[in-house]
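Presented below are the structures under discussion, each in the form of structure tokens.
Both complexes below contain subunit A, partnered by subunit B and then by subunit C.
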Partner chain A sequence: MRRRPPKALVAVSGAVGLLFIAPFAYVVTQNLRLGADFGEILTDGDTWATLRRSFSLAIFVSVSAAVIGTGLAWTVVRTDVPFKKLLAVIAPLPLVFPSFVGATALISGFATGGLLEQIVEPAGISLPELRGFRAAWFVLTLFTYPYVYLPVAARLRHLPRSFEESGRILGRSPAEVFGTIVWPQIRTATSAGALLVFLYTISDFGAVELLRYDTFTRKIYANQLADRGTAMAFSLMLGIIALAVVAAERSLIRRDPPAPVATKGRSMPIALRAWRWPTFAAIVAFFAIAIVGPVASLAHWTIRGVNATRSTGSLALSSHGLFDAITNTVLISSVAAIVTVAVVLPIAYLSSRHTGRFSDVAHGLVVAGFALPGLVTALAIVFWVLRTDALIGLYQTLPLLILAYVVHFGAQASGAARLAVNTIPRPLEDAARMLGAPRTRRFFTIELPIMIPGLIAAGGLVLLSTMKELPATLLLSPTGFDTLATEIWASMDAVSYAQAGLESMALLAVSAVLTWTLVIRVADRLD
Partner chain B sequence: MNLSNANGPANRTSGSVSITVTEVSVSYDGPAVLDDVDVTVRAGSHLALLGPSGCGKTTLLRAIAGLEPLTSGEIKLGDEVVSGNGHHRSPERRRVGMVFQDWALFPHMSVAGNVGYGLARAERGSTRVDEVLEMVGLAGLGSRAPHTLSGGQQQRVALARALAPRPTVLLLDEPFSNLDSALRVEVRTEVHRLLTELDVTTVFVTHDQDEAFILGDHVAVMSEGRIRQLGTPTELYARPVDPWVAQFVGEANLIVGIASGRVATTAVGQVPLSTDHMGTVDVLLRPEDLSIESGDGASIELIEYYGHDTTYELALRDGTSVRARMASAPRFTRNDTVDVHFAGETTVAWRVDS
Partner chain C sequence: MHSPLQRVNPTRRLARVTVLVLSVGLIATACSSDSSQESANLTVYSGRGEDLIQPVLDLFEERTGIAVDVRYGSSSEMALLIDTEGERSPADVFISQSPGAVGFLEQQDRLELLTDSIIGRVSDDFSGADNRWVGITGRVRVLVYNTDAVDPADLPGSFLELTETAYAGRVGVAPGNGSFQDFVTAVRSDLGDAATLTWLRGMAANGSPNYPKNSAIVDAVARGEVDMGLVNHYYLVEALEEDPSLPAANHVFPEGDLGSLLIVSAAAILDSSDNKDAATDLLEFLLSDDAQALSANAEKEYPLVGGIAQPEGLLPLDDLAAAVIDLNVLAGGLSGTQELIDQSDLSQ
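Let's turn to the complex of A and B:
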């Protein structure tokens, strides 16, 4: 028998759902009321060209990230490639690169005096200018493929080994087994990961701005001061596209009955034979481009800056404010992570324990928050706050920034939080109940301790994303509150590559430590 | 009756082959999982690998399937070496059928899709799938999704899938362990009937002595990576090579006796032995070989009535506890005193090393 959800839980979940929808609802109604320039925007050829650019970049990046992420996961998990454990540890690392840091590394590496330029200059080669579609495609693919790699690798690890073995014993080659058995089992993981990449790309602001590729987000940002109406109209269109793609993924991808999760024992890895070392070399080369290259390029500029500061006495590099920025980044991200997990937990609980239309809707609202680009979320919140007298005092305060993070990253936490709720064995709750424990005691003594690892994973995802977030942080940070992301942004704006290098290295170091402790070690909980 | 004759050429297997496992060892990083194992399975016969968990029985099965590389030794299917000497024929080229413990039904395919998976492309559209489904009693369920079937039906789908490509060897990994006990007996009987009708060499893994004895022509009792004893079920039961095997293949009382030639003197009197012994020995007394009657040699501690028989737990006068089984309803009550004596033909004994 399905239990009726407690009233308090329903009320709290409803309130949370409203929190996620209120800013957008407000913006939509405002747009409809004022919406004079919509017709003009829609008939403008430039709008459609921008749309096409945004869309094609997002499609190209998601496809290439899906291919790389899935291929890498399969190779690392299922074949006998050498040092596979080490490769598995390294593979998700590009997750710590925000796209704008990746773009920073690339631009500074190619720039005059940059690492790559210095390497090829003696050979008389002059580097092409690094701008536009191909550069953006390249950078975004390198740093988004882990969104596909992680869920696919987790899925592959959970796949019962007897599946592939059955296929082999029934006479099919490894390639056929991959196509007919493995792929149908992992394709939902691949497509869910690719969807994240799509949303990340279409809402990415940092990389496309730095690489001068004109997308919707650039237009919105450029217009947000000059012409708020146009910015808002563009935001709405972007939001609608994002939501449409999420809806399309949900309805188009066939969801098969899931395979039973049962792994025990080791399965025989697929022998690559003569391809073992070439495969290894290819993966290492890829890591060199995706991880070592950007870090080396940033380090190169940092060292140049240090040397210049020392020799000339003039300040080529300033550590002034760097520690404040690190502290601010860690603090605001941690608070955002904790608040987000606390906010989505009721909905996660409701939607995994009391399935029904209400919980579906509440969960859908949270997910929609992530589908909308961070820039749109931030703009919506700004509009909403500035036009509501009771809230206007919140403008340019940290609570408002945290609210934006919660709304934007709630979906990331909610998926992991649902998994955490599902790890609680139902009989335990019943047992506690039979022993006379009331609701709150059951929650704190039974459910919460069991959920903690999953909730940490959920919070870890939000923490990382928050550290990497740029557009909402730029728009909503109180004056004088600088994070590493905004500092890097300012340094790049001032063409101070050395300073940007130093700050990027700091951001990478902090987020690498956090990624390792909070995400990679618990990656299996994110399947 | 032979199905291949009854149903015409469609069900013909291409002839079963023998399996020869010679000095096979498998080890990963630590101690050997399989340690110098030798076993031969005659073409068309059924071998049970029986042992506690971790004894290596599943590893041996997987090695035959080609899912486990050998550290040393050799495995032949028929006359062909498939594993050994640096050679390893991949599982898809061994023509072996296997039923996995979790059945491993592909959830994204229909029952027919599963059963037809191992067939050659040309044969996938043929009537072979229907034939095999009918053979296992699932005619008409081909379009269903596996998870909509009951456990027993899923088990039969797994069996049908393994049999569809007409394998020369069939491997079953704990095939009934996923079924609840009532269903298990029923499915076991059906599989037993099917296996006796098909001409396919079968090796199956089990930790259940009943299963091993019912389905196996021969049983290999394994522990710690080695085969402790290989024999027919009756040999194993009546002439176990050591006390461990004796206890693993059935209920066993081991009591101390003094042997002199073919007779041992024990707390239950004189017991005839099958081989000569001298001095102190452990004597195997199967509960059903012990008979009790009114007397004063032992007292009844517990009575377990099973319907078809009754087992008495007795305390002998020297304090030894033994179990005796009588094919009748309880004729005594707890705390009655009785006499116990050996009523079987001969039994085995092992020298006590002291």
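Let's turn to the complex of A and C:
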């Protein structure tokens, strides 16, 4: 039965939607002002070749990230693989590497003459050069699979295991159980995550630039001063493509599966038996590439710098400002995570419960905005705020910075939040309604508690992304407000790799602690 | 009514965490808002790194008592920010890593005319033709090379030789980098567009590997991934500080060759500044003898004001090609340069 959405919900969603229109409206007004020659751009073969490169990279990365993220989530949540808790803390971490650091670290670790080659060279092994399509595919997969991992793990935590157990008791193989029982329940989570990976990949600049793979975003950056019109035209095309991809995903995965009523109590994890340690070894090997590899490079930079310090006498490392940067990073990322989830929840609710054109458009705008490069979104906010008298007082203050994070990362929270809304069993809600519980009470006592695992996953994604965010932080933070990401950028810019290594390791450590305290422990208590 | 899922407790716990985080956040936000509202300070947007420029700005504060707020970012990002902010930009002064970004703002009519007390400090070659920006320090384009892989006797006498087969696949370039683009713009003004395109195509045909930026080339040369690379001189100087054992050295092209062009960092005052007197004071200070000596030594760059000793180990400024280049072309011609680089397929 379809119900009309409450007016208040529509009003709030409309206001939130307006926020997310801002970047698109900016790109459109700039295109009108600068008047790039679309005829020339669209007939230029290079435009289409670049588009094809961006697209194939984004598709390959989404698929591999979906496979890895889903497989890892299922293994960590459902099986008896050793050291589950530890694996659960480590699994989301690669998301926190800013791509300019992560890619540089991987390059200096795995590239010709790099750290790994120095180790394997005596054995006569030489490594392929890390550049081009395959390198970008490899590096971006390693840094984006958590977009899939977190929502899928949250979904799996919520699903009752009884079906799977019945399946196994009836003699189905684990693969059959996964294909017929688990997959239909988690495919929306996988697909929402893969969509984020797709959008991230087409908007990424740091990694593709360093790995020398020429994509759409490179066109935007290369022309940003030389030819504003062309840069803005490409931004507009990126936005349009993103909206189309979001709409396509929505029509492909139209219906979320009905939410089964969650069952209480722990059940036995799936026994991997002989595969228990090999599976663990495979995960460890994967983490060795995704996390230990970059960290080894970072540590190597720092140690090398400290050693050089001994010989030259000038200290290569400084802890000056590091503590402030850590405090600032923790503060803004946790506030941004909570605010973002709260802001997108109305639209998630509306688009999940009252499907219609309005909610589709609102949801589409929130999600597609993620494909615009962070710099474009930040400039859009600068543009609108300085042209609105009432908002000027907010310019370059923390509330506005948080707002910028909300707009840029709303997409990450939105998909997971929609899944969270879907986990509310309808019969439960109907029962509460018929017993006369008022709306707010229903929300706080029934819906919110059920949604929490999903909302935590949503917040976790925003948390880790905010920690590494750079362009909006550089442009919109209060003067002198440094985060770990801006400090790392400054150190890389000054070619102080030793310092950048130290700060990046601090970023990783801080995000591990936050993931543990705010994401994993809270989710565990709910089990 | 009991909660059907008995999950109220965790919700409360989560609510407490949420309230705690938000209230700490709001308090911090309130504090930060207070301090950022003061506008009496001079606001500088800097594309030059904190390690390079902050010591000089600290000295300015100490000498004049004028407080300086600095926002750091890449030069192009800061230029875009100022352009987007428009009339209401809080920035008074823009310090740019290269003439390109400051030239962009000049084209947008955003720069104030500079007084003679500023422009007169440097030779005409080092300021904008319309006197709306001024060079502060300079750096030299060089060919960095791996000392294990390259015999110094084989080093080229001119950048034009790099398209020869002897250098096939051996010279790293950074076609997307501002300094490389400034260099190409200088070549255009000297040789014309046709000859420049021929050279760029020659570099592409020679399989010159491309890199995103100078530091990546220096890293690659030091690792032995590529034998040589076209970069600015100071990246290697800085890399050697962290690891003196790197097998790499800088080759300065002989006298007058554009391969060793001098590229200046630049400063300008914004037309939207409400603090132009203090801004003028700052630019005068940046060109004072003390500030020039300080930045040259801290940055391993060339001072642009005459009579200041340059850092050890650098070729004398008079021997470099800089003097023959019209920097105005360098600043304004960015889009034509971008077009030539795209046409040459050097970035593929």
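Going forward, the second predicted complex is superposed on the first by the 271 of 527 C-alpha atoms of A that agree within 3 Å, B and C clash if a C-alpha of one lies under 4 Å from a C-alpha of the other, contacts with A are read in each partner's own complex, and residues count from 1 in each chain.
Going forward, a residue touches a chain if its C-beta (ideal position, glycine included) is under 8 Å from a C-beta of that chain, and two chains touch if they have at least 3 such contacts.
Quantities reported herein were computed from a predicted structural model and do not represent experimental measurements.
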item: Touched partner set for A:Thr377, first subunit B, second subunit C, both or neither; value: neither
item: Partner chain(s) touched by A:Ile181 [first = subunit B, second = subunit C, both, neither]; value: first
item: Touching partner for A:Pro160 - first (subunit B), second (subunit C), both, neither; value: first
item: Contacts of A:Ser511 with subunit B and subunit C, given as first, second, both or neither; value: neither
item: First, second, both or neither for A:Ser64, with subunit B first and subunit C second; value: neither
item: First, second, both or neither for A:Leu331, with subunit B first and subunit C second; value: second
item: Subunit A residues touched by each partner, larger count belonging to subunit B or subunit C; value: C
item: Subunit C-contacting residues of subunit A that also contact subunit B; value: 262
item: Touching residues on subunit A, where the partner in the complex is subunit C; value: 46, 104, 108, 111-114, 129, 209-210, 212, 214, 218, 221-227, 262, 264, 301, 304-305, 308, 311-312, 314, 316, 331-332, 334-335, 338-339, 375, 379, 382-383, 386-387, 392-393, 395-399, 402, 428, 431, 435, 437, 444-446, 448-450, 452, 456, 471, 474-475, 478-481, 486, 490, 492-498, 518, 522, 525-526
item: Contacting residues of subunit C [partner subunit A, same complex]; value: 1, 3-8, 10-11, 13-14, 17-18, 21-22, 24-25, 28-29, 32-33, 35-37, 43, 49-52, 69-74, 76-77, 79-81, 84-86, 88, 90, 100-101, 104, 176, 181, 210-212, 215-216, 218-220, 223-225, 235, 238-239, 241-244, 334-335, 337-338, 342, 347-348
item: Interface residues, subunit B side, partner subunit A - complex; value: 28, 58, 65-69, 90-98, 100-104, 106-108, 117-118, 120, 145, 147, 161-162, 165
item: List of subunit A residues in touch with subunit B within their complex; value: 160, 162-163, 165-173, 180-181, 184-185, 256-260, 262, 265-268
